[in-house]
Amino acid sequence: MAITTLQAAISAHVHDGDTVALEGFTHLIPFAAGQEIIRQRRRGLHLIRMTPDLIYDQMIGAGCAERLTFSWGGNPGVGSAHRVRDAIEKAWPGPLAINEHSHAGMAAAYVAGASRLPFGMLRGYTGTDLPGVNPTIRHVVCPYTGEHIATVPALNPDVTILHAQKADRAGNVLISGILGAQKEAGLAAHRLLVTVEEIVDDLGAPMNAVVLPSWVVTAVACVPGGAWPSYARGYYSRDNAFYITWDEISRDRATFTAWIDRYVHGTDDFAGFIAALRADGVGP
Amino acid sequence: MAITTLQAAISAHVHDGDTVALEGFTHLIPFAAGQEIIRQRRRGLHLIRMTPDLIYDQMIGAGCAERLTFSWGGNPGVGSAHRVRDAIEKAWPGPLAINEHSHAGMAAAYVAGASRLPFGMLRGYTGTDLPGVNPTIRHVVCPYTGEHIATVPALNPDVTILHAQKADRAGNVLISGILGAQKEAGLAAHRLLVTVEEIVDDLGAPMNAVVLPSWVVTAVACVPGGAWPSYARGYYSRDNAFYITWDEISRDRATFTAWIDRYVHGTDDFAGFIAALRADGVGP
Amino acid sequence: MSAVPRPQWTPDEMMTVTAARMLWDRCVCFVGIGLPSAAANLARLLHAPDIVLIYESGTIGTRPRVLPLSIGDGELADTATTVVPLPEIFSYWLQSGRVDVGFLGAAQVDRFGNLNSTVIGPYDRPKTRLPGAGGAPEIAIHARQVFVVLKQSARSFVSEVAFKSSAGFLTGYGARKASGVPGGGPQAIITDYGVMKPQAGSEEFELVARYEHVTVADAIAATGWPLQVAATVDVLQPPTQDELAVLRDLHRRTREANSRPVKLPV
Amino acid sequence: MSAVPRPQWTPDEMMTVTAARMLWDRCVCFVGIGLPSAAANLARLLHAPDIVLIYESGTIGTRPRVLPLSIGDGELADTATTVVPLPEIFSYWLQSGRVDVGFLGAAQVDRFGNLNSTVIGPYDRPKTRLPGAGGAPEIAIHARQVFVVLKQSARSFVSEVAFKSSAGFLTGYGARKASGVPGGGPQAIITDYGVMKPQAGSEEFELVARYEHVTVADAIAATGWPLQVAATVDVLQPPTQDELAVLRDLHRRTREANSRPVKLPV
């Protein structure tokens, strides 16, 4: 475990062609890390995430990805993820292959990954057309009842990136509130990067809280606000207005590209990104 | 969910011949409930528990059980569970059939039970003689890699009984500290009985604490001290001295029977049990 | 629509109230964002104070003071009985058969209650790529019953969905039961015209109730298959003043809470 | 034993110190109760301050101030980095391949390091029913290496165990590897005579080190199979004053803490 900068962590641990999961279910979405991947112009990534959300809309629109594994890809509460759609429908800025699952299937795949089982299982997918378009959805026969139980291959990303509330100076990470599949995605990965709101002397974790011990974490970077426009419970709320604004920004290729150029490529880091938004009167 | 007495809960919900799991891994073992089952002279139970511990030593020695599913059956830190041994080796007080697992296998079986999957799986048992003596340990073939993965049938007890720190007046239950497989065993069961140290207005559960909502709980009974001689974190410590004393009490059939007659059958409830021990100068 | 004067409430309001009335106290409800969430919370504030609301983000027994705008708003965690990891929601709470009612929306529903939220056009060359199935495939399988909420049109109510994102009665006539799934499937489709329920036998959805200002002919015209009509079509009671007042107050509180701009503390 | 004077430390102490020396800083150690727990904590207090101790009760990164008497003492939870459900310990932490060293004891070990903690005599009509396998079958499979700690006698060190509770090298000669298990298997057996390690090739355990006061002949006599002896048998350094002082202080603190009678607050 190293406490480092986000730039250094992405530079060292996210490579072109990697399989990368940025998790966080509505809460604690690692936006700063996703933008740093855009800024460092990574290419050919296989992106994994239950809910692509704006973060993968940005990364896919910016050309980082060639494959997406997901289970629900919209702008939550608003509508389409326009850049994800454009990539799937019209191959812009490049073709995007997809592995499509249900939430329960993705969750089982992460659990299998964290458990180093080759597959996860669920009573799922029955009567849907998903197995017809995703040949990795298969089944096993129960050795006791003869039932067919659906299976999904384990997800073991090269890198998982999470955002959390706190780390201590040893690099132990505390996650509190809505947890999504963050712990499973983190433990399933070969490398685990975590951005946090703050680094503290003592986590003050309640008994049975979700703590990722430092020795399972590859690198920690302190990036206050790094989940914006999603939220970090105890620090700031979800910026629903930005999610609505994004619908306009992302609808059009040129507007989107200008936004990425100005605010991501045109800034050095997440603090610069927020400062640029504020300078233009659109910052949080 | 009903808040009731332990006597009423056992009387209503534990029947002769039931499959019954009393869980709690060293911590929060529901001793008071086990003794109430003895007191009500239940017979023919299929007892399930990872670590039978003194509680099943008592119940088996008292003749409640005809089958035991388990993964480690001793007196922890002391030696043998003499009554379990006597039942298996010499069929006293009656024959005891066993389904033997490893801890990991039992854990997977409870997880499957809580998930209402027909089986659990693990990379386990390889190279051991356990599958040879427990024909329920089987395997599936991974549909992706061709590997054989061990399977165990799901555990879905008729009744699971737990001890916890607190319930609120609505019957929501808070468990804190070492959790064992309590939540899984509880959710796997058709009926869930919980004894607690106290009933409070507000659980004061920290975010992400382990809480069993009232609507999954069949009955709650307030039995302070009900985990003794195991412990309830925040209330009292493990009574290691009693575990050592038990070795003497349980070694001999007559001594054991006299103890059960005096302290369990000879008392009306757990408070009476503790009072009788104290009256004899051996109480906690 | 017909000549009956337009009522003093919106289609969303009447659908929300209609859905809320179908929920009962202490029922365990797996809630989606939007209208289902409004309906479930309206029921909680009216006749079902101990309804158990589960959101797929992992919040169990939530009692939000304002409606969540996303499935994982902090309000849901702060007011929950317990907040568990997302994999556990699907395994220990949904798959385990603990959910009485699952609420689903979609882009399309067909005559047998199968839902499409995945794609219009061929999967590999989509005309319109939709967000995808999310939690729906397993909600549709495991909930004891499913309520579908969807505004009606001939484009969204189709004879056969282009892509089955989640299973209704499949091809009808017992096909769902033969597939072995445990849950009872869609038992009601709540639209802005009325309510459809599956016919015994065929399991094809038929109109069983309509709003006061809607005619049966209106409903048939807004359906992309030859809609069957029950022998008796009930007229749904319009929203009461009380129902509307509580719902509008909930929406007002929600708008207020969400109008505060977010300020990053950095 | 030999004519060398009996040392000023007990067999338990020298086994504990010998095992502790085999652990390194930051190694992830899956610890059993008793001597392995004492050894792992002794290592932590001496040369391995950041050793990661995992107990199967769900406590990860514990730093107990006194030795636990049970696998789930409150002290383990109170001083842990995190306390997780027991099923998770076996899936996310052990099966995942995160454990460097698993410590196992048993009633019997055989020449290939297979362990029996289940039964003496036939399984169905046992002569002695032992507690059973517990966590051992999967620790033996998944830990990168296993250390076995067991007092030596011809009854406990047998040519072939009556019941394989956990896998060592099975029948030797690559049989373990052929079985496909990921972990490296038993790499040392620490006894009160010395240390045995698996021979390259046969994977049969041979004597590689002895305590100062023990002869090779003593060790052979205390083994139930014809014990092979390595070309060079090291002499284990006796416990240092510092090692003994720290270990005895740990045991003293433990005894003090556990001598306080438990009083129920009711």
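Chains: A, B, C and D, in written order; residue numbering restarts at 1 for each.
We take it that contacts are C-beta pairs under 8 Å (C-beta built on N, C-alpha and C of every residue); 3 or more make two chains touch, one makes a residue touch a chain.
Since we're looking at a predicted model, the values are computed, not measured.
Common neighbours of chain A and chain C, listed by label, are B.
Common neighbours of chain B and chain D under the contact rule above are A. Averaged Cα coordinates give chain A a centre that lies 40 Å from the centre of chain B. Mean C-alpha positions place chain C and chain D at a centre distance of 57 Å. Listed for chain A are residues 111, 116-117, 122-123, 147, 177, 179, 184, 207-210, 233, each touching two or more other chains. Along chain C, residues 77, 83-84, 91, 95 each make contact with two or more other chains. Of all possible chain pairs, the ones that touch are A-B, A-C, A-D, B-C, B-D. Residue ranges of chain B in contact with chain A, taken from their complex: 116-119, 121-123, 136, 138-145, 147, 149, 151, 153, 176-177, 179, 206-210, 233. Those residues of chain C lying in contact with chain B across their complex are 26, 28, 52, 60-61, 77, 81-84, 91-92, 95-98.
Taken in their complex, chain B has these residues touching chain D: 25-27, 50-51, 70-74, 76-77, 80-81, 84-85, 88-89, 100, 102-105, 107-108, 110-111, 122-130, 133, 147, 177-181, 183-184, 210, 224-225, 228-229, 231, 233, 235-243, 271, 274, 284.
If you check the complex, the residues on chain A that touch chain D are 111, 114-117, 172, 184, 187, 205, 207-213, 215-216. Of all the residues in chain C, the ones that touch chain A in their complex are 33-34, 56-59, 69-74, 76-78, 83-87, 90-91, 94-95, 114, 118, 123, 126-138, 140-142, 163-168, 170, 176, 179-182, 258, 261-266.
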